[in-house]
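One chain, chain A, links the two complexes that follow: it is found with chain B in the first and with chain C in the second.
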Partner chain A sequence: MFAKTVVSKAVPYALGYWQKMTIGLWLLACGCFMLADTEVIALEPWSELGHMLLGVLQPDFFATEYLLEALWQTVSFALLGVCAGLLWGAPLALVYHKPWVAAFCAFIRAIHEIFWALLFLQLFGLSPVTGILAIALPFGATFARVFHDIISLAPADTGQNLPAGTDMLSRYVFGRIVHVSGQLQAYIRYRFECALRSSAVLGFVGMPTLGFYLESAFKQGQYHQGGALLILFVLLIGSISYWCRARLLPLYLLLALVFLPELPAIDGHLIWRFLSQDIWPPMLQGVSHLEQLDLQRLNALGSWLFTLLEKQALPGIFATLILALVALAMTHVLTLLWLPLVSRKLRGKWTVFGGKAMLLVLRSLPEYLLAFVLMLLLGPSMLPAMLALALHNAALLIFLTTRQSDKLVVSAQFSPKLDNYFYEILPRLYPGVMALLFYRFEVILRETAIFGMLGIATLGFYIDSQFVEIRFAGALVLMCFTAMMNIGVDALGRKILKGQKVPLLGC
Partner chain B sequence: MILAGVDFRLRRGERVAILGPSGTGKSTLVQHLYQRLKSEAALCAQSQGLVEGLSLYHNIYMGALARHNSVYNLFNLLYPFKKNRLEVTELCRQLELDSPLATQVGRLSGGQRQRVALGRALYQEQPVFIGDEPFSALDPAMGQRLLELVFSRHATVVMVLHDKQLALNNFDRILGLKAGRVAFDLPSAEVDAAMLAEFYTGMEAPPRITPHDPLPLHG
Partner chain C sequence: MKTLPYIGALCLSLFASSVYSATFTFTAIPDENESQLRTRFDKVAVYLEKELGVEVKYVPVKSYSAAVTAFRNNQVQLAWFGGLSGVQARRLVPGSEAIAQGYEDQFFKSYFIAHHSTGLEPSANFPALKGQTFTFGSKDSTSGRLMPQFFIERNLGKKPEEVFKRVGFSGDHSRTITQVQAGVYQVGAVNYKVWETALADGKIDTTKVKVIWESPVYPDYQWTVRAGVDAGFGAGFKAKLTAALLNMKDADLLASFPRQSFVSAENSDYEPIENVAKTIGMLD
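Moving on, here comes the complex of A and B:
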C-alpha cells in the first residue's frame, strides 16, 4: 500500500531569528549609508602612500632615541592602568546586579579613554596619573560588567555541596570563582592587549606613549621612523603571549612603578579652580550664593544648553550613530567573507598563516591610524572611518571566532568547499559571531570618538573642539550626552539579544 | 519540595539505606533531610559539584571550608598548608586514590571523581553522613571497603543505594520508596532478596507487547 502522493501547497517560509536579524541589519545600514557623507574625493595620494610604504619596508630603528622609552611607557601605562582598573572593577562585579551599580559602570565605560585623558589633563597636567587614570576608569567599569557576566555563568552545584556554615567569601571563591578562573585570566590578558592599544592612542592627546611619536612622525613625513614605530607596536602586541607571563607580572609591575616618570606636584589650587570655576557654564561662573541665581542667568543657561543640544549634541549623535551602524554592517559582511579564508577546515597551513598574520596587523593597529591612511586615499569623509572600524573589528572578530571554529568536528561528508563551510560550520558559529558583533557595537560607538580628532563630525569632534576652545562645561555636557547615548544603545542591544546566550569575550 | 507520602524519622546512631526505582523521589528525600540536619550533616550528592580546573587536594579541602575563616581558606587556595595536606593525603590513601594531590580533577576518571566527592564529604567531619549513591561508579568490593570507611567516621548514616546486597549486608534499617511513597520501612533482618525482587519488578503493569509492535531492544 502506498500513501497517496500529496502535492503540498506552498507554505510561506517563516524566516528564522538570525535571518531576520541579518536582513534587518543590512537594510538599516543601507539606509544609514544613504544619509552619510561618503563622497570619495580622489586626491592623487600615490606619492605620499609610496613614501609611507617605503617607510614601513625600510624602517629606521635608530632615528630616535625615544623609541625604547616610548615603548616602555606604553607598556607601563597599560599595565598600571589595567591593575588599577582591576582593583576597583573586580570587587564591583560582586554587586553588579544592583541597577545603580550597572548604570554607574555603564556611564564610566561609555566615555572614551581619550576624553578621560583630556579631562584629567586639566587636573593633573601631563602626569602619568592622567594616563593611568584614563585607562583605569573605563577598564575597571568593563571588568565589573564582564566579570559579573562570567561569574554568573559558573555552575551552581559546587556551592550546593559546600559544607553548611562556610563563610560568604570562601563560599563565593570556592563555589564560583574557581570554576571560571581560567576564563577570567584569559579575559584579563585580552584586556591587557586592548590597554596597550589605548595606551598608544593616548599619545595622540600628548601622553608620552607610542602614539605621540607615531603621530609626530607621520605628520612630519618621517615615514622611516614612523614605520619603525608601527612595526615595533605590532610585534609588541603579536608577542604578548611570549613576554606576558603570570610569573613575570609582579616584576613588570615593580619596574613600571619604579621607572614611572616623575610625578609633577599636584597643584591643589589649580584643581580647586577647575572644579569651582572652569567646569561651570560661563553664566554661572562667579556665582557663589544661590540668591545670585536670578531669572536672567537661568534664561542664559537654558538658551546655552539649548544651543549646545541643537547645534552640537543632536547632529553629533546623529552622525555617530550613522557611522557606527554602517561600520557594524561592514564589519559583519567583512567577517563573513573573510572567515572562510583563514579556516583550517578549508585552507592549507600557509594560507591560514598568512591570513592570520594580516589579521594580527589589522587588529594591532589603532583604528585612528588606519583611518588616517585611508583618508589620504579616499579624501575627508565618513568612508575612511567606516572602513577603518570595519577592518579593525572584523579582524578581531575573526581572531576570536577562528579559535572556536578550528575545534569544531565536521561530518564525514565534509569537503573543503565554500558550500560546506556555509552549511556546516557557519551556522554553528553564527550565534556567537552575531553576539560578539553586537557586543562590539558598544565599542564601535566609543571608538567613533577618536575619529572626531581627524575632523569627522561625530560627538567626539564636538567634545574635542570644546576642549580646544577651553569650554569645559560644554565638553562635560557633551560627554554626558555621549554616555547616555551609549547606555541607551546598550539597553536596546540587550533587549534585542534577550534570550540569546552571549559569549563573553569582547572588548 | 516535600514528599507527600513519606513519614521518615531518623534516630541517632542508626544506619539507614534507601532503596527504590529511579524517579521515586529518593534524591528529593535526601536533599530534604540534609536541609533539616545541615548543621551536623555532610552531604555527598549525586551532582558531585567538583571544580574541574582545581586540584584533587583543593576539591577535597572544600569540605573543611566551614571549619576555617576566609583568610585561611584563601591562603590555602594559593598554597596548601602542611597540616591539611597531610590530612588529605591520609584520606586519599584510605579512599584508594593514588593520583598526586596536585592532579586536576578534570583529568580523573569517573570512579576517581566519585571518590573525590566522597572525600570532600568525609573531610567535613560531621557526625551524620548523607549519601546519594556515592558508590555507583565503583566495583562492589571497593564499594564495600569505602562503606566501611564511611561507617568508621560517622555514627549516623543515611544512604541511597542501588546495590541491594550492599544495603542488606551493612545497614540496620531499609526504607523502600516507590512513586513518592514509603513502600516499606523495616529492619534489614526482616527484608530478604525475594521481597526486594518483587519490590523492584512488581511496580508496573507488565509491558504490553502486541505482535505488530517492534520488539524492545533493551527491554
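Moving on, here comes the complex of A and C:
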C-alpha cells in the first residue's frame, strides 16, 4: 500500500504506523456501523427535491427582509467572536502543556456554539453579547490548542543566537513565534471562515444573522428564498480572500463595534438568578442552608441523576460516539478518493477549478441542510447524518490539504498518473491528513449536536430537549458529560499522535 | 492605576439592576409562514403604539423557548405564545396573565396524517398506529407534540417510543407534512390550521398523504402579558392593552397570526394544557 514508502523502510513487510492506524480506524468504524441504525427505506422524495432544485436555480433575492443587515451581522459577529477568542485563547497557548489547561480548553470546545448561545441567552438575553461570546468561547479554546501545537513545532535553536541577557518575552517572540507567524496568520484566516459558518448557524437560535432566515425558509419550504440565501452565503465564504484584507481589518472591526445591534444593559439579577436557582436540580432549589439537605432530598437528587444518566446521558453518548466514528471513517475514505481529483499535479486547470467550486459549496453548506436533503432520499436513520458530516468534513480536509499539496515539489520522473501520485505525493501528505482527521474528530463530535435538532438521538438531542423544557440543571449535567467525553477523546488523540513528527498543514 | 475606575465602572454596570425601559416590547411566532416576520409585526407594533400611547417595539425570536426566555427576562412584556409556552412563561413569571386568544384557539385541534403506503383510512376512532414510524413537529409545540403525545398515551396506554418503531421531531408543521408526504415517516401530527392552509395553497399531494384522525379540541395560542406592566407603564395599562388586542379588526394585521379575531381569555382557560404537560412529564 501507499503508506509503506513512508515508514516501513527499516522493517520490511511489517505494517507501518499509518497502515496500522488506517486499518484500525476502518475496523472500528465497521464495528460501529453494525451497531448503528442505518436502515434505508424506499421513499417518494422527488417532488420535494424538485422544488428545492428549482429554488436554487431560480433564487429570489428579494424575498428576505433586512437582508443586508443579516449579511453584515453575520460578518460582524464572526469578526468580533474571533477577536475576543484570540484575546483569551492566544495567551493560554503558552501554558497549554499543563494538563489541566488542556482539559479546561477541551471542556469549552466540546460544547456546540448553539448550546453556548442557549446558555448565554439566559444570562444576557437576546443581545449581541450572547452571540459573540458563543463564538469567542469555543474559538478561544481552539486557538489555545492549535497555537500551542504550531509553536511547539517551531525550531528552538534560534534562541541560542540571541544576545545574552535577552529578556524572556523577547526571547520567546523573536526566538520562536517569528518562525511560525505565517502559519499562525494562515490559521486565523481559516478560523475566520469557520466563524462565518458558526455565526450563520447561531441564527438558528435567534441571532440576527443569515441563519435566522435560512432556517425558516428551508423549514417552511420557501425554497426560492432559501436558495437565494444559500447562494449568498456560499459567495460570502468563497470571496473572503477578496474582501477580508489585513489592511481593512481595523476598519471592519470599528464598523462592527459601531453598528452592533442595540446592546441591552447587562442585568446582574439575571446572572444571579441563573447561578442561584436555574442551574440547581429541582429538589435543591430553595435550599439555602446545609442543614436542609436531609436524606429525602439527597435520595431525590440521587434518583434524578441516575434517571438522567440511564435514560439520556448513556444512550446519548453511545449514539454520539457511533455516529461520529462512522462519520470519521467515511470522511477519511472520501478524502482519499477525492484528493487526486482536485490535485493540480494530476488534473488540468479547469477540472481542478470545478472540483474546488464543488468543495466550496460542500464546506459552506450547513450540515443540517445537507442531512435534511439526504433524509428525504434515505429515510430517518443515522445514515443521512453520517453522510452529511462526511461530505462536509472531507470537503474541508481536501481544501486544507490541497493548499499544501499544490506547493509540493515533485521529482523529474513524475508523470500525472494515479500510481505516480500514490508513490510520490500521497505518502508525503498522509501524516498531515491523518493529523487533520484527528483534529476534525472533535469537531465531528461537536457537530453531532446539530443533528440532535433533526431528531437523531445524540447527546445534543437530549440537551436540546432539556432547554426546551426549561430544565437548565439537566442541560448542564448533560453538557458536562459531553465535555468529559471530549476530554477523553482529546487525551487519547494526543497519545496516538505523540512521537509522530506530524507536519501541521495550517489546519 | 488609571484603569481601576474603568474596571470598577464595568463591574458596577454588570450588576446594575433592571429598570423598565420606556419602550413596550412584544414578540410573536406565528404557527405558519414565518417569512417577512419583522415587516408584518412592525405593523402590529404601529397599531399598538397608536392605541396605547407608548413606544412599542417588536422583537423577532426563533423558537418558543427563546420567547419564554425573553418574557422571563423582561426583554418583552407581551407575547403571542402557544398553549404550552404560555403556561411555561406564566409559571416562571408569577402574576402574568393570559388576556386574549384567537377566536380559533378556543377550539384548536391536531390532525394525524399518514402516508398512502400505510393503508390507514380516515376514522373517528383512534387509529391503529402500533409499529409505524411517527413524527411530531417541534419539541415544544402544543399542537404538534404536547397534545398528540397526550392523545397517543391516553388511547394506547403507552409512551410513544413503546408504540412506534421510530419517533422523530421534524421541528416544524410544514416540515412534518413534507416528511410524511415523502414517506420519511409513515404518520405525523400536525397543527390543523397549517394543514388547511397548505391544502388550500395546493402544496399537498392528497394521493400521497391524508388526514386519518382529528383530535378532540383544546385551547391553544394566546396573548400573555407580564406581571407589573401597570406599574411600569401607568395604571390601567393592562386594561387598555387588552381592549386594543380585542379590538384589532384590520384583516391585514390579523392575517399575520393568522386569526379571524381575538377574544378574551384568562389563565384558567389553560389549566387543561398545564395538566396535560404534567401528565406526559414535560412540566414538573
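Basically, the second predicted complex is superposed on the first by the 485 of 507 C-alpha atoms of A that agree within 3 Å, B and C clash if a C-alpha of one lies under 4 Å from a C-alpha of the other, contacts with A are read in each partner's own complex, and residues count from 1 in each chain.
FYI, a residue touches a chain if its C-beta (ideal position, glycine included) is under 8 Å from a C-beta of that chain, and two chains touch if they have at least 3 such contacts.
Every value quoted in this text rests on a predicted model; they were computed, and no experiment measured them.
Undergrad: Using the superposition on chain A, tell me whether chain B and chain C clash or fit.
TA: Superposition check on chain A shows chain B and chain C fit without a clash.
Undergrad: Once the structures are superposed on A, label A:205 by its partner contacts, choosing first (chain B), second (chain C), both or neither.
TA: second
Undergrad: Touch check for A:216: first (chain B), second (chain C), both, or neither?
TA: The second partner, chain C, only.
Undergrad: Contacts for A:173 in the overlay, against chain B (first) and chain C (second): which applies, first, second, both or neither?
TA: Only chain B is touched by A:173; chain C is not.
Undergrad: Who wins on chain A residues touched, chain B or chain C?
TA: With both complexes superposed on chain A, more residues of chain A are touched by C.
Undergrad: Using the superposition on chain A described above, determine whether A:282 touches chain B (first), chain C (second), both, or neither.
TA: second
Undergrad: In the overlay, answer first, second, both or neither for which of chain B and chain C A:76 touches.
TA: A:76: touches no partner chain.
Undergrad: By the touch definition at the top of the document, which applies to A:468: first (chain B), second (chain C), both, or neither?
TA: The second partner, chain C, only.
Undergrad: After lining up the shared chain so the two structures overlap, which partner does A:121 touch, if you call chain B first and chain C second: first, second, both or neither?
TA: second
Undergrad: What angle, rounded to a multiple of 10°, is defined by the Cα centres of chain B, chain A and chain C, with the middle one as vertex?
TA: In the superposed arrangement it comes to 150 degrees.
Undergrad: Determine the nearest approach in Å between the Cα atoms of chain B and those of chain C after overlaying the two structures.
TA: Scanning every C-alpha pair, the shortest chain B to chain C distance is 18 Å.
Undergrad: Under the touch definition given earlier, write down the residues of chain C that touch chain A in their complex.
TA: Residue list for chain C touching chain A: 13-18, 32-39, 59-66, 68-70, 73, 75, 88, 92, 133, 135, 139-140, 166-172, 174-175, 178-179, 181-185, 203, 205, 208, 282-284.
Undergrad: Mind listing the chain A positions that touch chain C in their complex?
TA: Touching chain C from chain A are residues 41-45, 47-48, 63, 65-66, 121-122, 125-126, 203-206, 208, 212, 215-217, 219-222, 225, 264-271, 282, 375-376, 379-380, 453-455, 464-465, 467-470.
Undergrad: Quick one: in the complex, what on chain A touches chain B?
TA: Within the complex, chain A touches chain B at residues 155, 157-171, 173-174, 178-179, 181-182.
Undergrad: Under the touch definition given earlier, write down the residues of chain B that touch chain A in their complex.
TA: That would be residues 38-39, 41-43, 45, 47-54, 58, 62-66, 68-70, 73-74, 77, 117, 120, 124, 126 of chain B.
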